[in-house]
Amino acid sequence: MTVKTDTEAAGRRRASGTRDIKVRAEKLNLWYGDTQALFDVDLDVYAREVTALIGPSGCGKSSFLRCLNRMNDLIPSVRVEGRVTLDDEDIYDPSVDVVQLRSHVGMVFQKPNPFPKSIYENIAYAPRLHGIVNGRAALDELVESSLKRAGLWREVADRLDTPGTELSGGQQQRLCIARAIAVNPEVILMDEPASALDPLATATIEELIDELKDNYTIVIVTHNLQQAARVAGYTAFFHMGRIIEFNDTDTLFTNPREQRTEDYITGRYG
Amino acid sequence: QEREQIRIVGSSTVYPFASYVVEEFGATTEFPTPVIESTGSGGGLRLFCEGVGVSTPDISNASRRMKPSEFDRCQENGVEEITEAKIGSDGIVMAQSVDNEPVALTREQILLAVAAQVPQDGELVDNPYDNWNQIDSSLPDREIEILGPPTTSGTRDAFEELVMEAASESAGYPEAYSDVRADGAYVDSGENDNLIVQRIRENTDAFGIFGYSFLEENSDTIEAATIDGVEPTPESISEGEYPVARSLWFYIKKAHEGVVPGIDEYVSLFMDDLMIGSDGLLRDIGLIVLPEGERSEWQERVANRVNLQRSDLE
Amino acid sequence: MGVGETILLLLGGLIPLGYAAYYLGRRKALVATAEGIRMHSRPQQYGWYSVVSMALPAMGVAIAASLLNLLGVVTPPREIVLLMALVTAAVGLAVGLRVIRPSLRARNILDNLIRWLLLGAALISIITTIAIVLSVIFEAMRFFREVSVWEFVTGTVWSPGDSFLEAAGRGDEVTEGSSSFGSVPLFAGTFMVTAIAMAVALPIGLLSAIFMSEYASPRIRGTAKPLLEILAGIPTVVYGFFAAITVTPVVVDIASFFGLDASYSNILSPGIVMGIMIIPFISSLSDDVINSIPQSLREGAYALGTTRSETIRQVVLPAALPGVISAFLLGVSRALGETMIVVMAAGVRPNLTWNPLEDMTTVTVNIVYSLTGDQAFDSPQTLSAFALGLVLFLVTLALNLVSTILVRRFKQRYD
Amino acid sequence: MATRRLTGSVNDARLQRRYRAEQRFRIYCASAVLLALAIILTFFSNIISQGYTAFWHHEVQVTLDYNERAARIGTFALDEDLRDIASRGATRAIPLQMRNNPELAGTTETTWVPVRGEIDQYLKGGRDLEPELRRQVDALMEQGVIQSGFNTRFFTAGDSKLPELAGILSAAIGSLYVLFVTLLFAFPVGVMSAIYLEEFAPDNRFTQAIEVNINNLAAVPSIIFGLLGLAVFINFFGVPRSSAMAGGLTLGLMTLPIIIISTRAALRAVPDPIRLGAFAMGCSRWQVVRDHVLPVSLPGILTGTIIGLAQAMGETAPLIIVGMIAYIPEAPTGLFESATVLPAQIFTWAGEPEKAYVEKTAAGIIVLLAILLSLNAAAVLLRRKFERRW
Amino acid sequence: MTVKTDTEAAGRRRASGTRDIKVRAEKLNLWYGDTQALFDVDLDVYAREVTALIGPSGCGKSSFLRCLNRMNDLIPSVRVEGRVTLDDEDIYDPSVDVVQLRSHVGMVFQKPNPFPKSIYENIAYAPRLHGIVNGRAALDELVESSLKRAGLWREVADRLDTPGTELSGGQQQRLCIARAIAVNPEVILMDEPASALDPLATATIEELIDELKDNYTIVIVTHNLQQAARVAGYTAFFHMGRIIEFNDTDTLFTNPREQRTEDYITGRYG
């Protein structure tokens, strides 16, 4: 993983560089009812890169991730302040149609959650809903290409009619990735996508992420530090709702600026 | 919106007779079987007098005559022309198990046994009697225990009116008689007279109060006390000798005739001798038929659809 | 013309019109898309949008007309109503089609509409409650104009009295105070039957629940539980028949065996049968509650070396208590409102006694008899049905509220 | 020493006591279940033993003679000595038939007709007859002129005042109509309410109020729904009294909370990840519900609906109040016609004086229970079949 | 932590030494219905030592732990084969009284599970039940001493009547430990006792474990490798129902014999 970065003033907690910024969070604060879960989070997510979010349990990684496609809107008690831009467009602007936003920012969850439909329908559902393709042939093609990109095609090509829920855990997760890809998103958010999988499946997913980053901007939450080290170009360390440190992964792991980062990485807590 | 079926409501006492006719009517004519609902006389007349139109009944049965107030209500609501039909009568009997000696009672004695308060030395006092022979030494030595209809029943109303009210003066009540005793000697026993019959069969001390038809049905196991010396028989009731009898009626809404098909035919069937005649089918199920003369008079009145007048009821 | 008919007629007319509207709306969107314009929503959604913009005003007109008719203000002739509905439909459609343009968020509008529709459905239950109150309160008020609330609530004599005078057409002779409407004996009967029922249902139900959730093997549980639930599915009229025909004679026989005198409409047999009916309520609700006690709590106790029954009695049950109480209260409110069993098997004599072998009557029996009996509709006795209904409603309401609150507390603690 | 530590309970009085308590408690629990099961057994055997006799009856072979007198009064079509034996219902329609088919006059026809109720009861051992009649019946029985057979009439006829003719058809059809109305009202409204509450409603005071209110409604005594139906549907909206419409709507309101509650449970059983997945694909809330939540929860919703309907089907008290305890010998043919339902029919029969109606009542109960149990079984099967483990 | 051990043949997967063996599992196999969860597990637990069980999720740590006080008996489908001895007495012997066994082998769970009773009753319940003490005064004393040993006395001394469920998570967990101590067990089993707690509470619990080991034999399951390193003298690494490696903690972490152990410790999976 060779990424050019300049280390910056710690105050900004943001690594800027020659890369395009795809998503930018500015002074993001988030409350669940009265308890604040995110505090002034600033983060730049670079296009066509994998950015990992790490930190102890409950530090706000998922909460932050879900700000990026406004999944938090679904929780009634949530209040968000600050700005999140996707290609310089504020996604919290009142004129933004959330449903459309989410078709640009895909998401993959911790536990694979295929729809209880056939494999084919799992992929075809959203494109059909959004009218992305017309006609059965085009749809078939899209399903095939999405499954191929997710590295699942070979395994399921001959049983597209079986329910997605009957696949193994790792296959299900790849199905979910294929499903996310099918609507042609620009950004894919992943919340601990491999933590429910066995080592082998984990490896497959990690490989897949590595391939996907050529076409998509990926933000991944993980509690497995080694995983972050393996897949991510950039890593942000969260602690108690704040970004303590953000940097390119190598630097963050080998030469953390902050004591808390170091403590966490060496297993003093978490 | 129209209605094919005749709709009948009203008295639970008349209900067994009327539903018999209804069924017969359905089976022997091409008209659909009328719908009949037992709502009680009061409830029936209320529905009947609600107005004219398919949502109101065509006929209401009653185990008492229509009250002037009900008549007024009918008039107010546009039910102006009503035909009244008297079909027979119903005796109310005091019955006991046949295991006992036959008993002869007077209305005063019954009053003294049933009333909540009885006169003593010109004063009303709480009913002190526990045993029939305390009331009169000629009466048997039996605990007073009477199973009778509850306040919601028309039979109860009739009983209170025809026995209690009627006897209160001769029994020496200083003021109006008011209530049936509630200390357990009189037991309200549900609308289902059948149960009363069963119970006095088992509890030989007890008397039951119910309609004559139930006596006839069960004549093998229960017998009636004579009241004021008269034994309840179809004849004595029908002739009016037996003091505790009331007439049974139904009322026809003229405005519905010709609108709802079959009313005319139904009424004719009901009033026919085949039904209410002295060999009629209703006699078999306990109707006390009217005396010949009165019956033909009513048959004619009904056939001519003589309009009911308020003055008839007062 | 009835409300139903108008609506049916309109629906019949609107469906073909709706097809047309859908087609027009969708086509407009499709044409635009074909021209390369990026529409906000899918063409079908524009189709549905046109359907709605046509149908809503038309239905509005119909409903307004029916309401006017129902409230007796005016009865607009059917032709005029239909014509107006058609005209508004046409106007609505025209306007709807006109406003279809790329920026029109048809999907969001439809979503909103659906949301309102669903909300409307949810409101029906609120309306029902209000309607219940309204439908009893007016008659109850009329009753309370003649009988003081105080007498009704505290009086111990229920004796509707001299309605026979009215029946005899001498209603004006009805003397003041000769009839009394003290509902205590009725409520005493109701509470007696409830107490008997709960005395049967609570131990059997609770112990069964414990057996099922703690002792029974899955197989026994799998057979016994649905079997027990059969009891909940038996109609009350059947229980009534069973109580009157089978249980009562047995109770009377047993009582006379012990030298006791039991009435044939004793309150004990309907109570027992009602208890049988309530067993599955108690058992399945308690079963749920006991099952929702986290396994960790049990394990905590076992790990200290407790036996099974100690765990159940000293750890599980105390934890489950709020839930069990709420099941109990629900059972009580069932028993209070139960009608058919008492109508068929209990007495009709308002009787204030502690002896369950005597006959007693209940509130619900009185409601049924008052409304189906022979009294004139505006007689206090008939009206008393509504007053009794009102009180019954309030009592069960209070019980249900308490049990809802308890369940909530319980859930908060263990979910 | 070490051994005694883990197994030395034999001498430990305290432990002994604890184990005895354990044993006792276990016995209490098991006997509660056994008692409940015994009650069920007693109940069913009791009902069945009272009712099974109604499924067969006695018929007498008669020769109908369409003579002149019979054209006026049907009984005259019978042999004189059979007039007190054959049901009156068998001949009363003869005048009408003869009017409609004049060619019948003068012909004869041999057929089987039911015997009178009391004779049927006598032959089933339920009561005695007058000696003369008894001898006659016994003789006919011996000759094979009276025979017993399956009582199809019970299933093909409506109510009758003649017990030998009474059947449950009209009540069953009435029940069907009522259920139809109930279903038509309560199912869509209930499911929509549940969807709103579970999927759309914000968690605020108002929603909580609706929720509490629904729980309350589910426990409101059914007779109060009767008062409601009387006031709202009959008196306010003018729905005809005793009609399937009035009864169905009343029961609909009563069933509504049951359907709402079970539908909500079914919706809640759909795991959130499915919803989140759909939202993340850019579905609107309604699309999530329509395409993902409803298909998965449908079996659960149907199960709850069936159970709610079964409950409605057994309900009597509110129907008494809206006038459905009526004498309806002919099955209704429309929703606005007067109708009665199975439980109401049972209630009416239970109050009839003739002994023959006791077996009818019990038989009606058997039929009703059979229907209800199969509905419930269907619900259980449905639930089993579609039960999912997530 | 200085513990003398000799490394043994890998085949036995058991570190033996000069220490007393308190609990010994021999060829322990466990099935849930038809699926086997433990395979031929051999393990010696040394008296007055902390033994940690680590391994990826689902590897059978909890299942094994629950064999040691026969908690698995509560799951109807479980079948156990093999021997487990407590002080050389086979605890699976038919003559063993489970209730007594459990009063000798206490257990602390992942989620604090105080009884819904007062703090006092939480502690006093079991001693009273077992008749360990007689009289109120003795009971009071026992409650106090148990709470003291669990390091909770100072915090709750003045509110012994409040429900145990109203304490904070960490306090609840210490209450559960106090409750376990109160019946004077010889062995305490702990299944991820700190994983539901925040870092501070975790530290407190870890300290407590360190103190307790002077009097009790402790077996602790943890998913936090650093925690195992911090508190345990011995560590067993489970993988797919087998013990891959058992050794004193230092050796296991710094110089694992097995590749899988190393992979796990360095975060290749799990």
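The first chain written gets the first letter, and so on, giving A, B, C, D and E; residue counts start at 1 in each chain.
Everything below uses one rule, namely that a residue touches a chain if its C-beta (ideal position, glycine included) is under 8 Å from a C-beta of that chain, and two chains touch if they have at least 3 such contacts.
This structure is a prediction, so every number in the text was calculated from the model and none was measured.
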{"item": "Neighbouring chains common to chain A and chain E, by label", "value": "C, D"}
{"item": "By mean Cα position, the chain sitting nearest the middle", "value": "C"}
{"item": "Chain pair with the greatest number of C-beta contact pairs", "value": "C-D"}
{"item": "Geometric centre distance via CA averages, chain C-chain A, whole Å", "value": "48"}
{"item": "Separation of chain A from chain D, taking each centre as the mean of its C-alpha atoms, in whole Å", "value": "57"}
{"item": "Geometric centre distance via CA averages, chain D-chain B, whole Å", "value": "34"}
{"item": "Distance from the mean Cα position of chain D to that of chain C, given in whole angstrom", "value": "19"}
{"item": "Junction residues of chain C - those touching two or more other chains", "value": "2, 107-108, 307, 310, 371-372"}
{"item": "Interface hub residues of chain D, defined as touching at least two other chains", "value": "18, 238, 284, 325"}
{"item": "Per-residue multi-chain contacts in chain B, two or more chains", "value": "1, 38-39, 191"}
{"item": "Residue ranges of chain C in contact with chain B within the complex", "value": "2, 157, 159-169, 171, 173, 175, 178, 263-265, 347-351, 358-359, 361, 369-377, 379, 381-382"}
{"item": "Parts of chain D lying in touch with chain C, wherever the complex brings them together", "value": "18-19, 21-22, 25-26, 28-33, 35-37, 39-40, 43, 46-47, 50, 188-190, 192-193, 195-197, 200-201, 209-210, 212-217, 219-225, 227-228, 230-232, 236-238, 253, 256-257, 260, 284-286, 310-311, 313-317, 320-321, 325, 343-344, 346-347, 350, 358, 361-362, 365, 368-369, 372-373, 376, 380"}
{"item": "For the chain E and chain C complex, residues of the former touching the latter", "value": "69, 71, 74, 76, 99-103, 106-107, 109-111, 113-117, 125-126, 129-130, 165, 176, 179-180, 183, 189"}
{"item": "Footprint of chain A on chain C - complex, ascending", "value": "40, 42-43, 105, 107-108"}
{"item": "Complex contact set, residues of chain D against chain A", "value": "202-203, 271, 273-274, 276-284, 287, 291-292, 295-296, 388"}
